[in-house]
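Below, subunit A partners subunit B and then partners subunit C, in two separate complexes.
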Partner chain A sequence: MSHNIFAAESSWMAHGSALQDVILTSRIRLARNIRGFPFPHRTTMESKEALTSRVEVLLPDLNGSSGKEWQLVRMNSLKSNLRGILLDKHLVSPQLVHNPDGASLLLSSDEEVAIMLNEEDHLRLQVLLPGEQLNASWETATRIDDILENELDYAFASDLGYLTACPTNVGTGLRASVMAHLPALAISKKIPRLLTAINQMGFVVRGIYGEGSEAAGQVYQISNQVSLGSAEGEVLQSLQAIVKQVVDEERNTRRSLQNSTEQELIDRIGRSIGTLKNARLMDTAEAMQLLSDLRLGINLQRVYGIDCQTVSILLVKIQPSWLSVEYPQENASLAWQRAAVLREALSQTSID
Partner chain B sequence: MSHNIFAAESSWMAHGSALQDVILTSRIRLARNIRGFPFPHRTTMESKEALTSRVEVLLPDLNGSSGKEWQLVRMNSLKSNLRGILLDKHLVSPQLVHNPDGASLLLSSDEEVAIMLNEEDHLRLQVLLPGEQLNASWETATRIDDILENELDYAFASDLGYLTACPTNVGTGLRASVMAHLPALAISKKIPRLLTAINQMGFVVRGIYGEGSEAAGQVYQISNQVSLGSAEGEVLQSLQAIVKQVVDEERNTRRSLQNSTEQELIDRIGRSIGTLKNARLMDTAEAMQLLSDLRLGINLQRVYGIDCQTVSILLVKIQPSWLSVEYPQENASLAWQRAAVLREALSQTSID
Partner chain C sequence: MICQQCKQEPATVHMIHLNNGETTERHLCESCARKEGLKLGEDLLSNFSVNLLSGLIAMQFGGEQEAHSPGDQGVVSCPVCGLSYQQFQRTGRLGCDSCYQAFRQHLEPLLRRVHGSTMHRGKIPLRSGKTLEIHRQIAHLREELQRAINEERYEVAARLRDEVRVLESTVKS
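Now for the complex of A and B:
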């Protein structure tokens, strides 16, 4: 029996992992291609289908060896708002949502491992875990990768490493990243300086929801830029060092806000909660900003009646995809439904 | 036993009067001067004191004839924040607060009648009643005026009428006014047009709290401009006609907002309530704006757990004077105390 992959909840939203007051998730992504098949952007539907079948036959192997249950989801079998939910849960890329023809998702039932087929590369293997779990993500990724490599003839060159559709992924094919919630640094206008420092270490910072230095929801993805020329271990170690520094800076800034401007901070969080509990119309960007304040309040132990896992679930439920799936018959606008979802979720929430 | 004139509550805040969803209060003010005493701005403290004594001896007459209990309050016996409370309750003028030396207030215990001594004129008699009660206010004012005129030699010229310190008050000495709450007209940007129309009828509109067309709290005072050349009855009739028109326009606009943009309206009121219930720091102007939305919501019968009388009381309690009297020992800022007062007052308030 396959679980409901369109539920708003996912395993990476679970709580109790390291540094999770700042680091929401750790992600390892491996880009792999199979010899004898053209890259997806230069191929036919028939070839994509053949590749999908080639991987689909490995499902029993995956089920047997990975300790997880797997299912294959063909993207063009899904309505766009269902594909959108998978995107909002960070299980697939925007490209897989917008170019669904011939593309598929191999997903473990715990949703920790997702393998996109016929995205930019033949295979894009992702492991997504809560908190700072880069090593654990890496171990899971290599274990799954080994299972696949046993059966598939990966495109590999001894001088270059794994061959990929885009040169930035050639080599290890590795992208390691974390999603970091940086509200105190954002409030204190310290994000631009941080971005510069991280860029100088060869890593890149992007707003998860929208680009720029004032990302909606104040959630930032930090990832390595290229995967040629650095061993996997070096990339992970560098990212872990950056994570440590970012966590320290965010925590110190939270502490400093609490010490120097506590009334303003609690006023800001209180107002955000008041708006979430009482508004009737809300757009996505405002909801993400208010939920960011709410998460900060929870982590500062000033907000009660809600937990961070619920906030992560709400970040899916406020998106147009989930709302349009959940309220297909309603005449009310998404802004109206979004506000109703938030009011209900926060009915027991208060600030001390 | 004299009642506490520094309580935030006053009788004009009571509810149940005509047109009170729009017209908060009706006010009649009569300017009177006594022969043989120089006008207050050209006189000595001794003369002011003599005038005060001349009026003070009438207290038994007032008590006996008016059906009310009276007390005399010398303004320079009060700290400035206590004088400020009387101003915020609309019982005295700014001038009496800022120039307290030699000035006094004769106040009936129901606070419906207030007589300022040695303000701009020797006597400024005010009757302030809830809702549209211009006729009732006028009747009470003339009854008290007659009691005083029996004992005092009013400065009166047969060609000009009552003589006053400022020419705009010569004649009847009458200023008739209403305080109107016009949130729908303000939201719909219809206030400037209304001001023009009312000005053309010889009446003037002022924001009660701050000047201009976007008065804080969206409460406007409409009053006659000059008191020479119009009989009292004409002034009252004109103002009553204006009141009828303003009430119609405000009510129609509220209805039209409910019909055409109900979600936006309820969203606005909901957000205001959420902020009032959850903010930790709030300045006076924001509090007045939010309380204006709250009052609108009560009058639209969408808000529960609070009434308009409480809103009027809160409009006194959020002012610096009341807060500094009530929390004299506190280190917290007025903005912090103000937010606390509002949170407590609205703890049972909700919007449907």
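Now for the complex of A and C:
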């Protein structure tokens, strides 16, 4: 049974998980390679296809033992805007979109588990869950990893751990990360201080969309840098400790903004909603900023008629990929279509 | 060095682009690089991390690799996939799992610098991990066996030999 993997909605957008007013998602990524095969950047199309087929024959097995349904998508069979939707839904990496030849995506029907084949490593296993669910993400990831390892000979050395194409991933092959929405810290210009503090703990912060310290949409990714020398559990514990602090800081800053400059804050959110409800031409960057204000308003319980899940879906729908797939025939510009999508989604939205 | 783009600010971002064997260098100031970055998107970001890594790798060996021409004893290549250490220095990517063994001496200081460690302490794969453990046991038993033979303790040696055989058969099946 296959589902529409190009729908703007995905399971990680669901609402109701822990700390979700700040932490949008938790992600576990494991890098794995097959013993004796050259890494993808040094191999032929035939060899990439051999690996893909080898994983493809495991599908029935995987369906049975994982309790999930899976589908394999060859990236070069997709038009670039369809690949772009998968990227905007955080199911594949930019590399898979830009170098689709020989690369595939193995996706569970709930979209919680996405395994990229022939990316930088032979396998990149990702689990993406809403809110702060690092432990649950890890448990799913390691379970699926075990099922795969039962059939595949992983490249592993007892001293260096899982061997990866880039030595920065060797060891656990683990990248644990959260996506955090930090509008209050951004408004009060506290982000640079936070970056320094988090860097000192061996973790990295970067914008999800765009780069520089002023991330578009004020969504930041916090992830571990080091993969050799620490056990997975230790990495998760450190990240959870950082998450707790970041959440506290963001919540406190939201409260103090409400106390000290409540009128300015509500005015800002109200103007953003006004623009979203009425603009006729909207570019992506502006839309992301306005949606960030909208999400803040929802979390402060001052905005009605829309929820955070809808905001997450809109973050996919305002991107060029989704718009160009959804409105292929239209003569109107993307900026015009984007504004129309937003107006319709916010038709019931109001601020108190 | 002055930024190639605006020709005003000092160039602080240095990009080396490898495309089909052709190398292009660009030297930009931060704000021009950021403008470029918007166009190149994630490509630039990933190139940055590669360049940082190759910078680290190059720093380790200083001018050492320039002192050798290809064919010198100083040039190391992976016997399995043929990747040379210089290629790794340029791209920051290894060619296959055997490269770790081939470049072991060179990689260790790099791993220590990047990770602060050279010893994996995390998960061990269930199936191949078990095999690894058995191989380790076999190696250990063989050493004991040799010692027993040298010391003419033949009864012990016979027992050890049988243990090795049993373990070897489990690995083969």
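Criterion: the second predicted complex is superposed on the first by the 352 of 352 C-alpha atoms of A that agree within 3 Å, B and C clash if a C-alpha of one lies under 4 Å from a C-alpha of the other, contacts with A are read in each partner's own complex, and residues count from 1 in each chain.
To be clear about the criterion, a residue touches a chain if its C-beta (ideal position, glycine included) is under 8 Å from a C-beta of that chain, and two chains touch if they have at least 3 such contacts.
Just so you know, these numbers come straight off a predicted model, no measurement behind them.
With subunit A as the common reference for superposition, the partners subunit B and subunit C occupy compatible, non-clashing space.
Look at A:G36: by the touch rule set out above, it reaches subunit C but stays clear of subunit B. With the two structures brought together on chain A, the opening angle seen from the C-alpha centre of subunit A toward subunit B and subunit C is 130°, to the nearest 10.
Contacts of A:A339 after superposition on the shared chain: subunit B is touched, whereas subunit C is not. In the superposition on chain A, A:V226 makes contact with subunit C only, not with subunit B. In the superposed pair of complexes, A:I351 makes contact with subunit B only, with no contact to subunit C.
Between subunit B and subunit C, it is C that contacts the larger number of residues in subunit A. Of the two partner chains placed around the shared chain by superposition, subunit B is the only one that A:E264 touches, whereas subunit C remains out of contact. Of the two partner chains placed around the shared chain by superposition, neither subunit B nor subunit C is touched by A:K244. Once chain A of one complex is fitted onto chain A of the other, the partner contacts of A:R280 are limited to subunit B, with no touch recorded for subunit C.
Annotation: superposed on chain A, subunit B and subunit C show a minimal Cα-Cα gap of 24 Å. Comparing the two complexes, no residue of subunit A contacts subunit B in one case and subunit C in the other. Across the complex, subunit A is touched by residues 263-264, 266-267, 270-271, 273-281, 333, 336, 339, 351 of subunit B.
Remark: subunit C residues 34, 37-38, 41-43, 45-46, 49, 53, 81, 83, 91-97, 100-101, 107, 110-111, 114-129, 132, 136 touch subunit A in the complex.
By the touch criterion given at the top, residues 33, 35-39, 41-42, 94-95, 98, 120, 142, 145-146, 149-150, 153-163, 165-168, 170-172, 174, 210-212, 226-232 of subunit A touch subunit C in their complex.
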